[in-house]
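Note that the chains take the letters A, B, C and D in the order they are written out, and that residue 1 is the start of every chain.
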């Protein structure tokens, strides 16, 4: 297929390469010349602007951008995609943004005759490289069916979450719960150890009991419990605290828009905000346990 | 074996029956004549006081009491067990109490020549009836080995958590995390639905993603998501909100004693406290989601 | 002076009347014909659009609008004030909006040659009627000096808070603290009464001690403590819970933008959000104490 | 009058000296020989134990002890005051303890024929030295009238809070509100400054507006706002963070006992607990603002 791809960062770069590997033809755009050069080397064709990309003979356009403001600018801007793209082209935005903005952009696309899917991912840069991302997709069943094989070239778990915006809803709801669980595990592990228990034994009890969760059995924040978790390598790599902070901000903002209380979610956001203020935003998000341990 | 058993309530009653079924001889005590009569009918011998129970020729004494004050009174009281029991008899307290009190009682027992284990359970009245409880056991490896077959007659998962008090530590740490997770799931599910997503689809995404936890995949609080969860039968049965409140109180109290912060744990406790004040303490603890939904 | 005035709602209506009483000539605009008619009856001249208002021979334009989106539309819209107003006209926005938007609009005004002040108020509809509002003003000292007599016709306490945006900063910081204090007083009073103390005696102790605050000594949320507080008339009148919710939302959003943690502020926002969900958003904000009292 | 005085620490020492200055005869007891020697030098008579103190010909006994456990031991212990004191002697406990323990001790005293008052203080070591403490007194009106002149020798504000225990209730309710307000001011000031406002100007706005409170106008935590506040001398002196932590613990414990939610109170407790864990428990309690500011 002829595909347009915008946004070749840490996530978008490897995603584009996986599409090329799967045999698709890609026209790509990014503000970073280095990122574009890497994609061209892998077989893509560079274009000079979103407008030019929209005017090429593409069947699908995929975007992977940092935040809502970029998505709005690229799609709705005066010289943006919708001003130039041919009706009928399928638009897939893989950025993580708030559901309300996602619906706003999709509505404008629909008015222009373009079907659109919101398809945020989880799985991090590792999953993007390996082509094992999870895609949470919002939009019509028909558009989802069209996109599925394409997304399958970049991920292994492609979930239809319902109508437009629901991909973003699923992502913010899941990640808010993840932030809460991670802090919950940090508190439970730190409390148990402070009361005299061995960390591995405690994790063992929790993982076979009602406290069981991904943050405990797969990504335990206590150093030494899981050999391959960021906690056992100084909280490097993984999913950065500032990215968790961004997602918690999207969740609390979406909650505010619909007047839905999220008390633990808001407190989790504040704790990551404080952690960031103290200069630790670059550490893996499981490092939040440092708030609960005596400094060395 | 000759066993003394104190406390024949909703949990202790069926536990005692399972010991009788396994062929042990039981001397039992409870303040409720009805509870004693039921145990006698099942084959136990009634005694008139903890003191009398201590003076019978028992090899092990097991207690299952509501709170720390009862445990202290029964073991340390002027006419209590330690004042009368023969040194060497193994003491097993299955009550859920704070770890610091558990260690205090075990220390007094040791000074009197009695080995003691703290062995709180999870699994609820259903697990007590079925003999499928989990026991979290604190005490020496040798005493644990002695107790294991006995506990095996009442449960199926017998975990050694380390030294004295660590059974209680494991229980309060796990249950604090459980309370946090449950509220986290309640917030995530309510937020997702308020933003327009279907509850079952959202639970499906979470359960295969990083938000996965027991409170979502086994005990989801949103009505209709899991057919067999209390949420689908009006929050009846299950683990009462006031019991969760008790356990969260034990966790925050233990945290206070060792000056260990537990921010989400404390907020969870307060939310259950407010829920109880509004008159809902008798509902299953997953009913906490009602704080997050518009009243009908 | 010749003044343009936009926004004749519950606050803007009486503010405009006080300017008329002080002898100023007013050109007014509002979407509500009723509101415009009332102002005309009081001596104002009606105009048909912000654009027309901008083109009249006014020296100052004052706006009082519900939220940031309205302010941006009125000032920055294609057919908005800045597209039509003569350079040099002083712009004063009395709306309560987030500081970042306020600075954005003021910057656009400056580029167009118009000095601008942000001047949100406190004092409620009562203060607007009586001309006793407090104005918190951000902008240059020179512009503040020009505006002071004008604002003095509508209020009695006109405070210069520093550069552009700082009027909004002062307002959101003060009101966030107000929300926290009010909930703090609600908790302290409810706790004291639950522990057996008389509410008036407790308020008396607090008001002469280190817990002293406006929410306790001037606006106590416990019924019967202060005869003239909303608590003693069923929480009617006063400052609505949903208005407090709006201000707490502005505070947490501004905090998010600069990555500044506000833990109690965020929890206060969530509590008002839950209170609104339960259907109580129309009650005075001191009614939040109902979360802490047994339902009757 | 002949007075017995137990507990000659940082608070009790100067309180006893003020009673001696007022012409009373004091028999004193403390575990610290140094503390006793200082009191003797000031004119007191030393006794060897609480029991001996109880047997001397005293009309009133005053105690000032660190925590509930000490109060219970001194009054209720096997060789404690109640075992030896003559019925009719008035007992006044000035310690800060939980209301429930205070009522328990007073009930035992009443059964022994001794009227008892709980009379915790505020005002710190400075107020103890200067004789300007505030006493919050629980007990009968008659006993209060008897104690008033005596307490007047040590303080200047003697408040009758109602029946037994209500002195403690007033103290924990006030101090919980104080802890919440202080953190609220810390958040509001830090947010305002992060958004570009001058700290002194912001404090000025707050202090004449609805955010006004003792923590802002008398004890502002932001360095440089108030010349004489601990914030302007590196948070030395004043009321220690660990003392605030103790009082917040008493408040949340009392709340737990009566199932009364205190959400902000519990969060305040946790924040001080974390602050203590990080090693800052010795700083004045206004230093909690450091959680909200970028480390230097």
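Here, a contact is a pair of C-beta atoms (placed from the backbone, for glycine too) under 8 Å apart; a residue touches a chain by one contact, two chains touch by 3 or more.
Given the structure is predicted, the values throughout are model-derived calculations rather than measurements.
Undergrad: Once the Cα atoms of chain A and chain D are superposed, what angle does the rotation have, between 0 and 180 degrees and to the nearest 5?
TA: Resulting rotation angle: about 180 degrees.
Undergrad: Which is it for copies chain A and chain B: same residues on both faces, with over half shared, or different residues?
TA: Both copies, chain A as well as chain B, present the same residues to each other, with over half of the numbers appearing on both sides.
Undergrad: For chain B, which other chain has the most distant CA centre?
TA: Result for max centroid distance from chain B is chain C.
Undergrad: Between chain A and chain D, tell me the centre distance in angstrom, where each centre is the average of that chain's C-alpha atoms.
TA: The separation of the two C-alpha centroids amounts to 51 Å.
Undergrad: So how far apart, in whole Å, are chain C and chain D when each is placed at the average of its C-alpha atoms?
TA: Whole-Å distance between the two chain centres: 39.
Undergrad: Please report how many Å separate the Cα centroid of chain A from that of chain C, as a whole number.
TA: Once rounded, the distance between the two centres reads 37 Å.
Undergrad: Chain D: which residues touch two or more other chains?
TA: Chain D, residues with two or more chain partners: 255, 260-263, 267, 271, 274, 277, 291-292.
Undergrad: Using the touch definition from the top, list the residues of chain C that touch chain D in their complex.
TA: Against chain D, the touching part of chain C is residues 99, 122, 134, 136, 157, 159, 161-163, 165-166, 169-170, 172-178, 180-181, 183-185, 187-192, 194-198, 201-202, 204-206, 208-216, 218-219, 251, 254-255, 258, 260-265, 267-268, 271, 291-292.
Undergrad: Quick one: which bits of chain C touch chain A in the complex? Just the residue numbers, please.
TA: 245, 249, 252-253, 255-256, 259-263, 266-267, 269-271, 273-274, 276-277
Undergrad: Which residues of chain A touch chain D in their complex?
TA: 267, 274, 277-279, 291-295
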